[in-house]
Every structure is written in structure tokens, then in C-alpha cells.
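Can you read through this structure? Questions will come right after.
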Amino acid sequence: MLSIKHHLVAYGQSTIIQDLNLDVQKNEIVAVVGRNGMGKTTLMKSLIGMTPTKGGEVTLDGTDLSSLKSFQRVRAGLGFVPQGRMIFPTLTVRENIETGLAAVGEKKVPEDLYEMFPVLKEMQNRRGGNLSGGQQQQLAIARALATRPKVLLLDEPTEGIQPNIIKEIAQTLRRIRDERGLSIVVSEQVLSFVMDAADRILVIEKGAIVHEESRAEADQEKIASYLAV
Amino acid sequence: MFDGYTSSELMSIFAMQGFAGLSLFSVFVLMALGLAIIFGQMGVINMAHGEFMILGAYTTYLTSGFFQSYLPGLFGGYFFIAMILAFLICGALGALVEWLMIRHLYHRPLDTLLATWGLSLIMQQAYRSIFGAREVGVDLPEWMMGAIPVTEMVDLPINGLFVMVIALSVAVGVYLLMYRSGYGKKVRAVVQNRPMAEAVGINSAGIDRATFALGCGIAGIAGAAFTMIGSTGPSSGQAYIVDTFLVVVFGGAQSLIGTIVSAFGISQAQSTMEFFLSGSMAKVLTLLVVIGILMIRPEGLMALKVRR
Amino acid sequence: MKHSPLMKWFASREGMYYLALAFLLVVLLPLVLEPFRLNMVGKYLTYAFVAIGLVMCWGKAGILSLGQGVFFGLGGYCMAMFLKLEASTPEATAIQSTPGIPDFMDWNQLTELPWFWEPFHSFSFTLLAVIGVPVLLAFVIGIAMFTRRVGGVYFAIITQAIAAVLTILIIGQQGYTGGVNGITDLQTLMGWDIRTDEARNILYFICVGMLFLCLFAARFVQNRKLGRILVAMNAQEMRVRFSGYDVAAFKIFVFCLAAAFAGIGGALFTLLVGFMSPSFIGIVASIEMVIFCALGGRLSILGAVYGALLVNAAKSGFSESFPELWPFAMGALFIGVVLAFPDGLAGLYKSYVMPLENKVFKRNKSEAVPAVSTPAAGTTDGYSPMTETYSPEKS
Amino acid sequence: MSAAKSNKGDFLLAVEGLTVSFDGFKAVDDLSFYLDPKEIRVIIGPNGAGKTTVLDLICGKTKATSGSIKFAGKELTRLKEHQIVHSGVGRKFQTPSVFEDLTVFENLEVSYPKGHTVIGALAFKRDAKVIEAVEDVAKTIFLTEALNEPAALLSHGQKQWLEIGMLLIQKPDLLMLDEPVAGMSVAERKKTAELLRVITKDHTVLVIEHDMQFVGDIADRVTVMHQGKVLSEGSIDHVKSDPKVIEVYLGH
Amino acid sequence: MDNTDKTAIGRPAGKGLGFRKSLMTLAASVVFAASTHAATPSTAEVNTTGLAVTDDTVTVGILHSITGTMAISEIGSVQAEKLAIDQINASGGVLGRQIEFVQEDGASDWPTFAEKTRKLLRQDNVAAIFGAWTSASRKAILPVIEQFNGMLYYPTFYEGLEQSPNVVYTGQEATQQILASIDWAVENKGAKTFYLLGSDYIWPRTSNKIARKHIDKLGLKVVGEEYYPLGHTQFNSVINKIKLRKPDVIFASVVGGSNVAFYKQMKAAGVDFTDEKPLLLTISVTEDEIRGIGGENVEGIYASMKYFQSLDNPNNKEFVAAFKKAYGDDMVIGDVTQAAYLGPWLWKAAVEKAGSFDIDKIREEFAGIEFDKAPEGYVRIHENHHLWSKTRIGQAQLDGQYKVVYETEELMEPDPFPEGYQ
């Protein structure tokens, strides 16, 4: 579905992502884990086009994304939930979702989105900035889903979220995958969440994938060792 | 100061003065709305705003000439066509300018100031070359001239009322566009978080161009309206620029409501002071008061307070 | 062979730049140009004072003032008031109803000199006021704005409004100021006729001398720790504040410094041109002064001088040959500089001429420019902001 | 009243009843805590709990709506940022903020606590004392080799150290560090921990940190914040086992 | 120096200025016209001070703003001066010499005026300068022209208070315009109360000062006096004040872009000037200004000037026809344009009377020089270098022309320093 080849990102003289290769299958949830500063967020931002790429190739369902701008990537089928949610604080919940709809030329918020996140329907006229962290996270996911993506990118969706809600988010991701048949790439450093949500786990360190295994046979201890100091 | 006037005369005068304030208010609103969009929403300091207004005025001038020559029967209604044309022409030029120049400067607001100042010089000289250095006289249809007598003392100028109506319509239109339309949502999303707006599929470059064009188009409408009360010459636009910026900044750059509130405050202050002082001193005092308040409250009247 | 530090400096790359400018202004132009043209160059140079101030204030510290004309004008008016009083002796103004006061006051029914004109009988007071009045106003504006953290675009717009207010005031209070005509018909400075060619030549050299004084003052500030703090403040104001600096005080200082330069420029302008009028205070004049600075390279104090010279020379040349094209050229210049050469002449020099120079100057490696890979570096003057290069061997 | 209370003990820092609201939203809500001299205190808590805002309030970046901050007996809430710095409070920001255009040496020199007035900055001379102080600090922050390099060329971790160095050279009594190890490599983290151990010998330190293991390594005491309030306070083991903390922050 | 080639002497007038083609051909034909060599006195005889005079030609300077804000006003003067020069050349020139001109742009910038004057005098050695419009530019020129002993022919009506040996003022000074017009309003329209209104600078203020003194002398009343910054466009408040005070006459000296706004807003406020309640008397609105304001907005106002395009005399008919032929049928001619036209003719008359181009010799001859082909009828130079001229009151018509309703019987004596009016 999503294929990343020889991905290279650098700021000035320092290279952040180095020759990264990754294939995401249809209907697959891939987790990229690693500590802060290892390049997770840079990877995500460069995939959506927020950060310029120095080299390599990214294709989505056969479409080459490499030369596209962010909004074109979204229209090509990439959805993005950024670190820190970045909802539009002074727009209402409904308006936030509608910004996503605009990309695909729709006007009305589809019912199935509200079904998936009933709390958003309840609060559709509240300003985004007044929601709690967990609700904002749901809003950010709903906003991304409104663009009808084929691949959904989530950057540290658990950051700053209470542990009990983290579990919910993991379930939501699986549900989205099952109901909508899309692929998900999520970057994380909370191991329990990764174990709950992902089909395949990749460890990123200094901008390169250093370890990979499927969840079924994942060696938790080993992954945890990458996450520790 | 009021010796020898009857109370009814005084009442009428205050009514008239109130109207004068309102008509100044509508002028300020028209001047400032386009700039409020461009400066407040995009952070671009468009020093050529006045020249865009005058482009609208020249458009009106040409339209009136065209109607006089070819469609004299429809002359009474030419003004509406002129306003639409002014909006379209200024908007188109705005889009072109955005594409050629402004889009390269979004992260350098002070540089937009210099570049658009250069643009204003070019536009002024272009007007001078095309229309001549003299001011042009714009003929108004008969129905726009004169005043409606309300009482013996109080007359309401029709063109003043008309400018008010235009100002009001433009303000309402801008409000609906910014807060009730899909476009407005996109603009607000881009203003709040440009990269994120891109990442939900909004073409922020396109939004920028449309927004700049919209601001210039509104300047064009303002210019068309001002042919009724002001002069149309190559450098007439410069007269507006300081006032316009002060109105926008005083209102709190991000807030359209703030712009309207500040236009109201400044216009009332000025017209009240004009009645008791000479015109020059009223102007100086108004500017000083505005500067003074801005020093105490640099974020303007209606700034959004958000957690940083 | 032991050289004095001064000689060493002149032999350095930076010293060469100053020598080249001095050669141009002191030797070449006076030789080549007739007095009338040289006087015009002198006039252009008075704008260079403003531009140097803007380099310090805008380029280094990031404070863009669109009201520098105010300070230029105030300095010019102070000088004009002195000269006008000197020209308004009771004998020279015998036909007036009140002899001994400036002619425009007489036309406006003033029967005695306003109190604030009195001190301008004294030349030493005038010299003080030429710098003091602009600095005082800058100080008041600075305190009001910078302690309230008004900056960037807002500061620019407010200074512009101040320029508008002052223009209206001067024009409106014509009994005290000469109104829109300004203060004209200035003839002698302490008995010395400033209108003759010889006087104008001498004034030109005084102007060049003052310019170098201001250049060195600006260079001194730029090379002290204060200069580094200004640059640091521009990029990371917060960090400077939390390193224990009162940021507002530094901004006020540099704004006052720019005002002082502008005031000196204005006073020289009055001497060279022979009058002062409100049109040099207004918005248009003030913005043009910014472009002198931008064209020269907003980070380079030497560039500012060349910027002022070039724009004005081009303006005169163009407006003589193609008067109706001049505004187009000026407009294109504004846009071009901003879009294509944001670092102005100094930037062009650095990227095109300096590499050639480096070959010639190989032996002076130690004072080479900061690496080209850091274009954001705080100087484009072609030398490191540090005069005292730190060398670890000392310890 | 509060003055009497905080004078009772000889706290270095006494924060009492501190509240700040942004348009009705209380980012910090009636917060009180006390620091002993030479104490290492870590503040932890979920995002949006108000941790960074507390540091902002102490260093004067944000003005408190109400409450008091007493530092060595001096009320800070009414002082300006640079005055707070001069009273002995140093603050490092979350993202490294160093002067990229200046060299490492110049960065440290600018922070050297002399020549902080306009006149002072004009008269400031780079004498032996300054050089010695800069070299001292540079050694502490592992940047001796890089002294003549522009800060722009430093790695992320080195910039973090440089910023810490810029605080150290001011010889503050209280150091406030916002996530000092964020974005660092393993090696850099280890070095930072070492650096902190050196620093803590003669400074009071207030740290915001996420990494629990790192917290355990360095903290004397831990304050857990949640929704602008103190949720729990005590030794690392104490807060780790506090059910409220587990519920909202650590997870089961 | 090689600077001369930068400003080609006698460069075709049409160059880039948007002038009508007819002028170009006219100018060209004039330049190449064979000059009458008949009784030409020798150059050494008529030029002892090194002016740019050859056996065939004499060079003069034209110095107006053709760029910047003042270009609006000054271009008419440039056209008139060039027309006069062409006509003089066609009729044989001055002392048998064809006039060539160097045109410089003052660019609406006062130091530029001073600079260009220097250039014209020092470098081009022109025999006369026709130029300047605003008082500010004249004041800038004045020290230079006095220092180098040039001669400026200044066309604008102005505030007076000046009398330079090096300037000939071909427009009216303030008392000429004002005294007659106020007398007229009092005598013919029964005016008792006046409202004085002007732009905020020296000319309106001085004019109103003279007007006020005169009104006081007549025992009548000024009920309001008000000034607005140059370029001001909002006059609603003053219109209200006027309505409140109900003056018989509004005496207006608003200039520039403000003019347009003022009259449009007056009209819009329901003031019909044809009612003459109040009567509006202006000293600043010429036919030129009406083009920008629109005839319908000023219909019925009165202006006090010495010249209107509609003047019915043979001189004027000829002048208007020639002007339109040169610059197009849609041209209008205002008071200042006519005064500018007088400049070259008066200079020619003085030169020929003196038999020399020398400034000092001409100066001796000024007093009493007359020009009976003046479009305004007849003018004579007073010893104070201003012109004796009639003052006329015109009423603005819908088509933008003035209908002359009154003219003084005698020529008004120019009095730049009026006793009792200061």
C-alpha cells in the first residue's frame, strides 16, 4: 500500500533519517517505536510533506508522492494525525472535521464518523480548544478520517493521554482498520499501546530501522531495551 | 459656543454630527476591511492598499465613461456594475501580485511592507501615465446626488447613506464568508496552523492567493464607493494608508470585529473633536490618542487572549 | 617591523574597505565632480547617516522604524532654527512689523520670538539640540513602546503614524515652524556664508568627516559585546531576557543611537541644502530612507552609505533623463531588493566579489569571513563580528 | 500572611497559592510547593498539566493571576525577567535556545554575569577572568573543543548543554531545566545525567522530566502535577506507588 | 563637464510626456524654422554675463514638477510656457534669437527645485527660468536665484509677503484676489457674515488673514475659520458647522484632492450652490480643478481670479484656440496656466526694451512693461515685480466653465506687503 524506499531527511548538515525503507501492506497496522529524538516525528512529517525530503521515493498505492505538497498527498490518500493533535483551537468541533472534508469536496460530516466518536457529535458546537486531551485526540483522528485516507499516519497518539484512555485509542485504531480497511502507521514510545494496537513493530534509532518483528512473536523485553535510557 | 441657537437647532446639529461620524465610520470600515483580511489574517503589510482602492475608483471612472457613451439609458445603474468590475479587477490584480511577489515573503512581514511600497510607487506612476496626472471627475447618476431632508435642518446625503449601505453589506459579506462558508473555515484553519491545514488537505497556497485577492477586491469596492465622496487621482490612495493601518492595528490585527469597533471609535472621536476644534488639530489629537492607547495596549482593542 | 595597531587595522581587509570609501569620498568624487554635483553627493550622504542608524536599529536589532524622517527632520530643524535666527537680524528684517524675528513669524502676527526658539541663539546649544532633541524623542517613544514590548510590524506602523502627526503639526503651526514652506533662506553660519561654492565644499568635507565619525561609532557599538547582544536579541529575544538583560533598555539605546545619527544627518542636510521643510519628515521620506539601508544591505554599515549614495544618484540621474520612468525604477528597486537580494549590495559583494578577494588576501586567513555555510550570520560586512578573536592557546 | 508562613522555614523557593488563568482556563490552579536549598526537585505530570507554565511563572515569562513566589525571601511576582535572573534564578527552555549566529565562546560570554547594562555592555572587556570562567564552564558541558564554532553547527544535544552552560556561568542559586534530555542520544543522555550530578553539587535544581528512570536517578523529591494542581509529592517511590499518580499518569 | 548631454537642450517636448503629437510637430517645425537674421544685434553686445546666448539662440529653463503629487497642477503651466515659447519663436524670437529650453523636473520635492535651479543657472546658464508652483518650491529656489542672479517667472497666485529682485510674479498676490471679491460679495450680494475655510498651509492662512481684516474693516462678521490638513477628505463636520452658523458667504481656499471631496460632500449634504444660500466664493478652484471635481458639484459657486477661460476678448480667443490646437480639444485653461503663458512674453518684452539679455539690465526695465496681447486682456509690471491686473468674479457652470459676472473697472495694484492687513 505505502512503500518507502531510501528515504532521506536532513536539516542542513545533520541527517535525521537515513536510507529508511518500509513497506506497509493493505490493512496493516505498523508501529514505529523509538525514543525521543530518534526521528519518529521527522519520519511522519516528511511522509506527509511538512518536512522536505532530501532523497528516496514514497509511493502510495502506486502513486508517487515524492514531489507532492502536503495537501496533494492528503488528496492522494494519506491521512495525518500529528503529535500534539494540533486541532484548530478556535474552530468548533464540527468545523474542525469539515476542514478535512474540504479536501475531498464533501460538505456534511458523515454519520459514520460521529458513530465512531459519539462524544464529538455531542460536542460538535464546542470550540476545539476546550476539549480534553483524549477528546482532542479523537477529533484529530476524525478530522484525518474525513479526508478518506487509504493510509493513516499517527504521530505519538498517546502523548499526554491518561493511561486508561490510551487503551481506548488502541481499540479505536483497530476498529478503524477493520471497518474502513485502511492501513495505519503509528509512531510510539509507549510499549503497552504498541502491543495492543500494532501488527508489526519497527524500532527506529538515529533515523534508521534497527529492529523489526511482528507482534505475534515480539520480544517485549528487547523492544523495551531500545526504549530505555 | 452655542449662543444664539435654539435647542431644536442644536438637536438637529447633533443629529447631523452623529450622522457625520457614522459616515466617517463607514468610510473607515470600507478602507480597513480589505486590509484587516490581508494584514490580520495573513500578516502581510500591504502598503499598496490605497493604490488598489484607487484602481477601483479608476474602474468606476472608466465604467461611467463607457455607460455615458454606449448605454446612456442605463447610466442610473452603472454604479453597481462598476463596483462588481472594481472588485473583480482589483481581485485579479491582487492574485497576480500575490503570485509574483507576496508568496515569496510570507515569513518576512517587514519585507512585504517594503516590497508593496515599491508596488505602490509603480501603480501610482502607471495611473499617471495612463490617466494623466490630473484628477479625473467621476460622474454620478442623478439619483445619487443630493440629500433626503429629514427635518428642516437635517438632511441626510444620499451618497453618504449609500456608502454606509455598501460598508454594511461588505462587512456582512465578509463576516458570512469568514465565519459561515467553507472558504472561511479554510482561511481560519490556515491562519491557526498552516502546516497542519496543509496536512488535512487544504491548499494553503491557494487560500493565501484567494485571501489576498479578496482583500484587494474589497479595496476595489471601497475605491469605487469613494468616487462619490473623494477625489480620484494617481496619488489619492496614499492619503488613506496611515489611517487605514491605524484602524486595523488599533482594533487588534486578528479580529474583524475589532476592526469595526476601532473604526467606530476613531471615527466618532475624530468627528466629535472636529466639531469643537479645527480640523487639523482634531486629526492630530485623534492620532495621538490612538498611538497613546496602542502604547498602553499594544495588542489592540479586541486581541484574542490565548495560552501561549 | 612593528606596526601600530591602527596601521595594522588599515592593512586588514576591513580597514581597506574604510580606506576605499574614504578615497572615494575624499579624493575621487571631489576631483571628478564639479561643485554643484559634489554638493548633491553631500546631500545624499546626509541620508547615509539615517541609513547607518537603520542598519544598527533594523538590521542588527530587528527594530524597523518607519519614522526615521522624524529624527532627521528634528535635527535639521534645530540647525535651521539657529541659522534662521542668525539671518533674522533686526537690520535684515527691518521691513517687518516686528523686526528681529524670522519672516514667517512676522507674517503670522507673532510679535515676539516663541520661548522655545530663544535657546537657538546659542550655537553650542544648537549643536547639543541637533543630537539631543531627536534622542529625547526617541527615548520617550522607546520607553513607551519597548517596555510595553511593542515590536515588529506594530512598531513600524506606530512610528509611521508619529511621522504623520509631526508633519501635520509642523504644517499647521506655521507661525512657530514656517509651515509647509519650512524654514528657508538660510545664509550664514556664524557669519560665514554657507551658500558659496567654497563653503559648500568645506561643508561637504565636514559631512564626510562626520560620516566617518558615525561609521566608527556604529562600528564600535557593533564590535562590543553590546553589538552581539543586539544580534542575539534579534534572533532569540527570550533567551537574552533570561540571560539577565533588560531587553527594552538595549532597544531604547539602539533606537536613540539611530535617532542621534539621523539628527546629525538632518543638521548637515540643512547646512548643505540651505533649508529644512516638513517634507523630509513625512512617511514617504521615511520609507525611502529604509530602502537606502535595504539596498546597501541591512546588516552592513558601509553598505548603508553606498545604498544612500546609489539610490539618490540613480534618482537624480533617472529623473533628469527619464522623469516619468523614475517611479517605476524606484518601485522595481524596492521589490527587487526585497525579493532577489535581501542582503542588498553587501550581500552581493559577499557572494561575488569576496571569493575573488579571498584569493588575494590569503595571508589574512585569521580574519576571514564566517563560513559561507551560515548565511544567517550576524554580519555581512566581510569581517567577523569579533575583533578579539579567542584563541585557546592562551590558557 | 503568606509572608509569615514562608519565613518560618528557610526555603530557597516558596510558591504559594499560585494561580494563572488564560481567558478563564486555569493552567495553574492554587499551586503551592517549597524547595529547600540544594534540593533536586523533579516535576512530572501529563502534557497540559501546567509544568512548563510553573517555570514560566517563576522566571517571570508569564505573570501570575494571584499567589506568591518567594525566592530567598524576595517576592518574584512583581519583578521583571532580567531582575529575576539577577536574583539568582536561571531557566532553560524546552527547545534549545542558543544564539546560533554566535560562537560557543560568545554564547557563554554573553551570559557571563557582567556588563548586563547598556553601558556595561559597551565597556565590557574580555579579560582573563572571563576567559577562565568560559573555559571552566565549557569543560563542564563538554564543549571545550567547540569553543570557536558557531552554535548553529552544534548537535541538538550539544545545544542543550550549551544552554545549560549559559545558565551555569551566571552562577545562579536555582536552576530550572525544562526536559533537559529530550531528543538526546543514549550517550548524550548518560553525559547529561553526569552533568546534572556535577551541577547539583552546588545548585538547587528544578527539573521537568518525563523519563521515569532518569527521574529516579536524579531526584531528591518528585512533584506530580495534574490539571494545574499538585497531585502527589514525595520521594520517587512514594509517588510511583500513589494510586492517583498511577491512574492519571503512569498507567497500570 | 559632460553633464550637458544628460539633459538634452531643447529636447522634443513630447518625449514620453503624453503630450499631443501636434505639439511635437509644432515644436520641431519651430526649432528648424529659419530665424530672421535681419537686425540681430551681436551676441557680445546683448550678453555680457556669460548666459547661454548664441548668435541664433537663447536658452531658458522650465522648472516644474512633472512627477510626484504636484504634477497634477504644474503640467498646465509647462504646456503654457512651451506654447508661449513656440509662438515667440514663430514670430521671430527674442532679439532675433530662437528660444531653446532646458526642462527640469522638480519632482514635487523642494530641495530638487533648489538643486535644479542651481543646475540651470550654473551649468546651463539659462537666461530666464519659468517655473515653480507651490510657495514652498519658490522659497527653495529663492536663495539660489538671488545668489546667482537669475530671474524666475513665477505663475501662481500666492500669499504675497515677498518681493525679490530676482522674481517676476505673474500671478496675483493675495490682496488682488481677495479685496475685490469681498467687496463684490458685500455690495452685490449683501453679504454680512463669512465663514473662512482652507487647507492648512501658508497661502490659505494668509489669504484668510487678509480676508478677515478686510471684513473687520467693513464692520462685518467672520462666523468661523477652519483649516484641514492637506489631502483631508472628510468634510462632514465642517459642513455641519456651516449649517449651524449659517454664513452668507463661505470663503474657501481648499486645495488639491481635498477640493474634490469638499465639493462633492457639500453637494451631497444638500447644499445647492445655485441657490447662493450660502454663497460660496473660492480663490482656489480654477477650470483645471473643476475637471477633477465635476461640474455638477460646483455649479453656482463663484471664483475670484484674474483669468477665466471663457473671457470674451480677442486675445483670449486666439490663446484658447492655440492652446487647444497644441494640446487637444479637451484641454481646459485655468488662471495659473494663463499666468504661466505670460512669463515668456513678459521676459521677451523686457529683454527687447533693455536691448540685452543681461539680468541686471532687464531688471531696470521691468517697471511699466506692459503686454497688451495677454489673454486676460492687458497687464503691466509694477515696480514691485508683481502685475497690475483686473480681478474678475466668475460663476461656475455645469460644463465646468466660469461665466464672468463681474470685473474690476481698474487694474488692481499689487500690494505684497499690504499695510493694515498683516
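Each chain gets a letter, A, B, C, D and E, in the order it is written, and its residues are counted from 1.
Simple rule for what comes next: contacts are C-beta pairs under 8 Å (C-beta built on N, C-alpha and C of every residue); 3 or more make two chains touch, one makes a residue touch a chain.
Worth saying up front: this structure is predicted, and the values here are computed from it rather than measured.
Set against the C-alpha centre of chain C, every other chain centre is closer than that of A. Between the chain pairs B-E and A-D, more C-beta pairs are in contact across B-E. Centroids of chain A and chain C (each the mean of its C-alpha atoms) stand 55 Å apart.
Look at where the CA atoms of chain A average out and do the same for chain B: the two points lie 44 Å apart. Centroids of chain B and chain C (each the mean of its C-alpha atoms) stand 35 Å apart. For chain D, residues that reach two or more other chains under the stated contact definition are 152-153.
Looking at chain E, residues 66-67, 200, 227, 229 sit in touch with two or more other chains. Shared interface positions of chain A, i.e. residues touching 2 or more other chains, are given as 12-13. Contacts from chain B toward chain A in the complex involve residues 182, 185-186, 188-189, 192-193, 195-205, 304, 306.
By the touch rule above, chain E contacts chain C in their complex via residues 1, 3, 6-7, 16-17, 66-67, 104-105, 107, 109-112, 114-115, 118-119, 122-123, 134-136, 139-140, 142-144, 147, 159, 161, 200-202, 205-206, 209, 227, 229-230, 417, 422. Considering their complex, residues 34, 36-37, 39-40, 43, 95, 97, 103-104, 106-109, 168, 171-172, 174, 179-182, 184-187, 195, 273-275, 277, 279, 316-317, 319-327 of chain C touch chain E. Listed in rising order, the residues of chain B touching chain E in the complex are 5, 9, 13, 16-17, 19-20, 23-24, 27, 125, 128-129, 132-140, 145-147, 149, 153, 155, 157-160, 226, 228-236, 238-239, 270-271, 274-275, 278-280, 282-283. If you check the complex, the residues on chain D that touch chain C are 59, 61, 80-82, 85-86, 90-91, 93, 97-103, 105-106, 109-111, 113, 115-118, 121-124, 126, 131-132, 135, 144, 147-148, 150, 152-153, 163, 166, 170.
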